[in-house]
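Some structures are shown below for you to check.
In what follows, chain A forms one complex with chain B and a second complex with chain C.
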Partner chain A sequence: MKKNLFSLLLALGIIFYFILTPMILNSPILRESSFTTLMYIALAISLNILMGFTGYVSFGHVVFFGIGGYITFALLYYYKISLFLALILAGIFAALIAALLGSVVLNLRGAYFAIATIGINEAIKSLVNNLEFLGGAEGLFFNMKIYKSYGGPQNALWLSFYLLGIITIVVLIISYLIKHSKFGLGLFAIREDEDAASTLGVNTKLFKTIAFMISAFFPAVVGGIFFFKNGSIDPGSAFSLTKSVEMIFMVMLGGIGTILGPVLGAITYDKIKETLLVSEAFKNLHLTISGIILLLIVLFVPEGIIGFLRRKIKVLKNILD
Partner chain B sequence: MKKYLSIALALSFAFFGCLDKKEEKGNKQSISETKAKTASKDFIVIGYTESKTGKFATESREQSQGLKLWAEDVNKNGGIYVKALGKKLKVKLISYDDESLKDRVQQLYTRLITEDKADFLISPYSSGLTASAAVVSEQYGKVLIATGAASDKIFKKGYELVYQIYTPASRYLKDAIDLLKEKHPDVIKIAIIYENSNFAKSVATAAKKYAEEKGFKVVVFESYDPGTSDFTTLINKIKEKGAQALIGGGHFTDGQAIAKQVNDVKLPLKMLCILVAPAIDKFKEIGKAALYVSGPSQWEPKVDYSPKTYPEKFYGISSKEFVEKYKKIYAKDPSYHAAGGYAAGLVLQKAIEDSGSLETSKVKNALDNMDIYTLFGHIKFEKAPYHGRQEGHKMVIVQWQEKQNKLDKEIVYPKEASTSNYIPYNKKF
Partner chain C sequence: MPSILKVENLSKKFGGLLALNNVSFEVKEKEILGIIGPNGAGKSTLFKCITSIYKPSSGKVYFKEFDVTNYPTYKKVKMGMAITHQIVKPLKELSVLENVMVGACYGKANLSIKEAREKALEVLDFVGLYDKKDLEAGKLNVPQKKRLEMARALASDPELIFLDEVLAGLNPAEVSKMLDVILKIREKGITILMIEHLMHAIMKVSDRIIVLDHGQKIAEGPPQKVAKNEKVIEAYLGDPKLALKLLKEK
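After this line comes the complex of A and B, so read on.
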């Protein structure tokens, strides 16, 4: 128990650091950069619930980010309901879609599942492209007035940040609770050998579907916050496959199936990119350099940061998770 | 080896940790520095993001090169005169890569405003990214000159400080329809096919509305998916419905394919007017299929916008001068993105000079009342409800014609910019 709790507390500490520093210093720049970091953390943890715990690699996970973004945006745009309610509805809707899709695609395994999820993302992108009331290919744009009910654009940006902070904490705790529950044990069993798990009495179909739903709920809420903050949404940015790949990469970089891993993976990935992007010396070469750094990490630390630290430093072996 | 690696990894974490702290310190300092800086200002700082990587890289680079050329020109002349400060201030451009993604646009614009102390902002390339940047610029009360963003939707949203350089999508094909009406009064049935993408869709929808107002009957109005390369079914439908003119398209590849396939089946259209593709030089690679295909363009190197054409309200260098300067540095003809970039700088310069100040409210006032001609054409901004949308600038229409057995891109509309006469498309069959 000590081992598990340490990682959770450490992860919480890191997340609180990113929430509190911009708050205390009242710094918009820190808020903006922490927003991106927290967004990546939340996305990576959500994906880890499916990918790390259950062993299903979803290449199209960004689809839920997009769905959540669109539902939140449309609810605010047409019905002017409160942001909080819209976000929760978006999450629930995405989870229901995940249940529906899951009943079909979760029967597939390995590469077939990965390909199917890419297909789903592309199909939903095409669908949204053709839905007039969602703005079609052009997308929807907020009127600045919408931010007035949240105290103007400045407050709205802070509000988005706090909401994201809360969601990140919630998803971390949920991920921890799942990992240390009987349900989590069932997921691990599925990951190791689905047929054996089934024989031993694990209701694999139900377990997988629930994991898929949970890992769809949070990206949807994050998507809702992200596009609320951006004031516009279009299919290209809502269903971008690059983000899916980034999510997978962050999970693998940190340590697949661990609690702290996705947090560290997301921070490392984001900070490398951000630092290079704004540094005087590297800003024109940032992709090359971040590519090299990431390649080195993958080559020499394939087990992720957590695995690496556990292997190298004996003290950490028993407390990092 | 592995020992070193673990040390390196630990160090890199420490490094990123330190960076955060540095940033905090920098931020604390900056508040006191701001007050000191305004008193002794040496530069006008203009911030923007460029898509150095990702899908907008080509267009965005051109745009940025145009802007840089403007900054060089200004600085060569000692800067922009700011009456309130009683001196000329040089221009300093600061930019970051937005990777053609929404993810960091707001982060980078916040940085430009708060850390780099940008006085004015230029938009990223594309309407989507501009919309993200506009939320931040409005929040901090900074003027944002939007070039490379043709959407109308941004300007319906109550932004007070965003100003558009390009002709908006709603007027993109308006001139083509006017030209069709003028040259072929007998044409009634037309077809519009468009790529199902952000930009092409808004252009096509507006074109349909305008065409119907002008008395045309739009017999085919169909979209196709991005990446489509076979248009046989659509062309057959156009033939079947008896359309006499075809307008539409989306991006380069599909536009080129439409021109080629219409030519292959020898569809005797009076006019074939395609978005984007004909305005790009590479279009001539399809040989004779390109002949007499026309298309709208924001600007062309061949246009003659100079103090001679608009003696009273002309501002800045002539289009010819711009083309020469650009060619000298970048060894190629500037695209309209580049001209748009230069024009964005000019508009800002003019507004600063007119207002004699760097204050947002005064510069905004000058922009609201602006009515000038530049190398890019007419610049005038709309008032509410579409505050900041471009209403002065007009598209030009280009057509591929044959000069001494070689394909040549000519401007056929409007009259004041034209270099040749318009020729009906079916003349080649």
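After this line comes the complex of A and C, so read on.
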């Protein structure tokens, strides 16, 4: 059990590093880049609960990010309720939608499930595009006054950052607790062989649905924070399929089904993206290059950074998870 | 002896094929009931219908007096059934220990993860896989995977265990080891329902035998009696008179 605690602590250390550096240096620039990194980490860990623990690859997971964003935004925009309440409501609503959708799509396996999740994302995107009260294709914009109750725009930015930091820590700890619980063992059994799991007494349908709900809750909260900070929301940025693919990329890169993997994957991807985006030669090619890297990972190191390190360095074999 | 499992007029159709045709029988507590029959007789289908892996087309299944016909598989397992697969289904990337823990956590035993670990180690010792506990289950060889199937089933503290050809593909030494394990399971007071092709083995351990052919039950009784039944001989060897003649000549 000790070995797993090490990975949790390492992951926590990394997250705290990203929270504390901007805070101590009081640097808005660092805060912005840390915000993106933390967001990626939280999204990757959430997806990993479904994809890594349960074996269901959701290609449209960004749909929950978008739903959370829109709910938070609309609640603040029309009803002016407190941000915290709005975020919690967004998370719960997304989880309920996941339960509803899950009752249909979780009966599909493998590629069929992946394709269905893409379809859901596109369908909801089109729906929002046509909903007048959500601003249609134009989206919604906050009036700056909305930030007043959070101490002005400057403070609101810091507040969003800290909230995101807290959510990232919470999702990490939850993922750790799930992995080492009886529930988690049931999920892993489903991942390995769903039919065998049910003949061993696992209520596969219920377990899949709960995993789907948990893995929908956190992206919704993160989406809420992101668009609150952003001040505007539109269907294109809320339901961007690119972000979905990025999430899968990060999980695969770091090490699917592990605790530390999604954290490392998110940071590495963020660095790759940052490097490519500022370089003259590659700035328009960053998705292409990420795609090639993903292909290479799947072909040569399907177990990701964590798996690679575990295989190559004996000492780490029993420590990393 | 009260009966633990009662099957009434169970039928299963696959399109136009009647794989099971009105099969009825009872299993008494603590007995070993063997099910034999030629290939395609419907033996595995029978197991799968009883355990809800397939939905029976008609008929009833009673377990401990409850009508469980339409219960999902996991519920039946929680009530005390344990299932092994003819084609082994190890959870490949989990360790052998974790495989067995799943059985202990989610079967009738319903243990916490900590208790499940203890229980799993105990069962692994019982079936002789203790030294493989940390290996990935996918890396076991076939006889070991068969033992793992048994271990997972046993860890769930079952009252009735379904063994679907656990001896198939084993060499004679492994078969006799496995038979020892089966007899030890019975000593624990667990009822066993087993499908087997190895005649000498199933004749040796079964209290009673049921013979299926073309989805129908054609004989039932103690092993020696069933072996002499004309219909059974016909199912296995063709014309019974000719077969008997050949047997006598020999």
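Operating definition for what follows: the second predicted complex is superposed on the first by the 294 of 321 C-alpha atoms of A that agree within 3 Å, B and C clash if a C-alpha of one lies under 4 Å from a C-alpha of the other, contacts with A are read in each partner's own complex, and residues count from 1 in each chain.
In this section, a residue touches a chain if its C-beta (ideal position, glycine included) is under 8 Å from a C-beta of that chain, and two chains touch if they have at least 3 such contacts.
Here the structure is a predicted model, which means the values were calculated and not measured.
Asks: Name the contact category of A:Phe188: first (chain B only), second (chain C only), both, or neither.
Replies: Only chain C; A:Phe188 stays clear of chain B.
Asks: Could you look at A:Asn4 and tell me whether it touches chain B, chain C, both or neither (first, second, both, neither)?
Replies: The answer is neither, since A:Asn4 touches no partner chain.
Asks: Thinking of the overlay built on chain A, is A:Ala197 touched by chain B (first), by chain C (second), by both, or by neither?
Replies: second
Asks: Do any residues of chain A touch both chain B and chain C, and if so, which are they?
Replies: Residues common to the chain A contacts of chain C and of chain B do not exist here, since the sets are disjoint.
Asks: In their shared complex, at which residues does chain A touch chain B?
Replies: So the residues of chain A touching chain B come out as 21, 25, 27-33, 35-36, 126, 129-130, 136-139, 141-145, 152-154, 157, 229-232, 234, 236-237, 240, 242-243, 267-268, 271-272, 274-275, 277-278, 283-284, 286-287, 300-301, 305, 308, 312-313.
Asks: Under the definition above, what is the set of chain C residues touching chain A in their complex?
Replies: Touching chain A from chain C are residues 51, 53, 72-74, 77-78, 83, 85, 89-94, 98, 101-103, 105-108, 112-113, 116, 152, 156.
Asks: Can you tell me which positions in chain A touch chain C when the two form their complex?
Replies: Residues in contact with chain C: 180-182, 185-186, 188-189, 192-193, 195-204.
Asks: How about chain B: which of its residues touch chain A in the complex?
Replies: Interface residues on chain B, with respect to chain A: 2, 5-6, 9, 13, 16, 19-20, 23-24, 27-28, 52-53, 96-97, 99, 101-108, 110-111, 114-115, 128, 131-132, 134-136, 138-139, 151, 153-154, 156-159, 196-202, 225.
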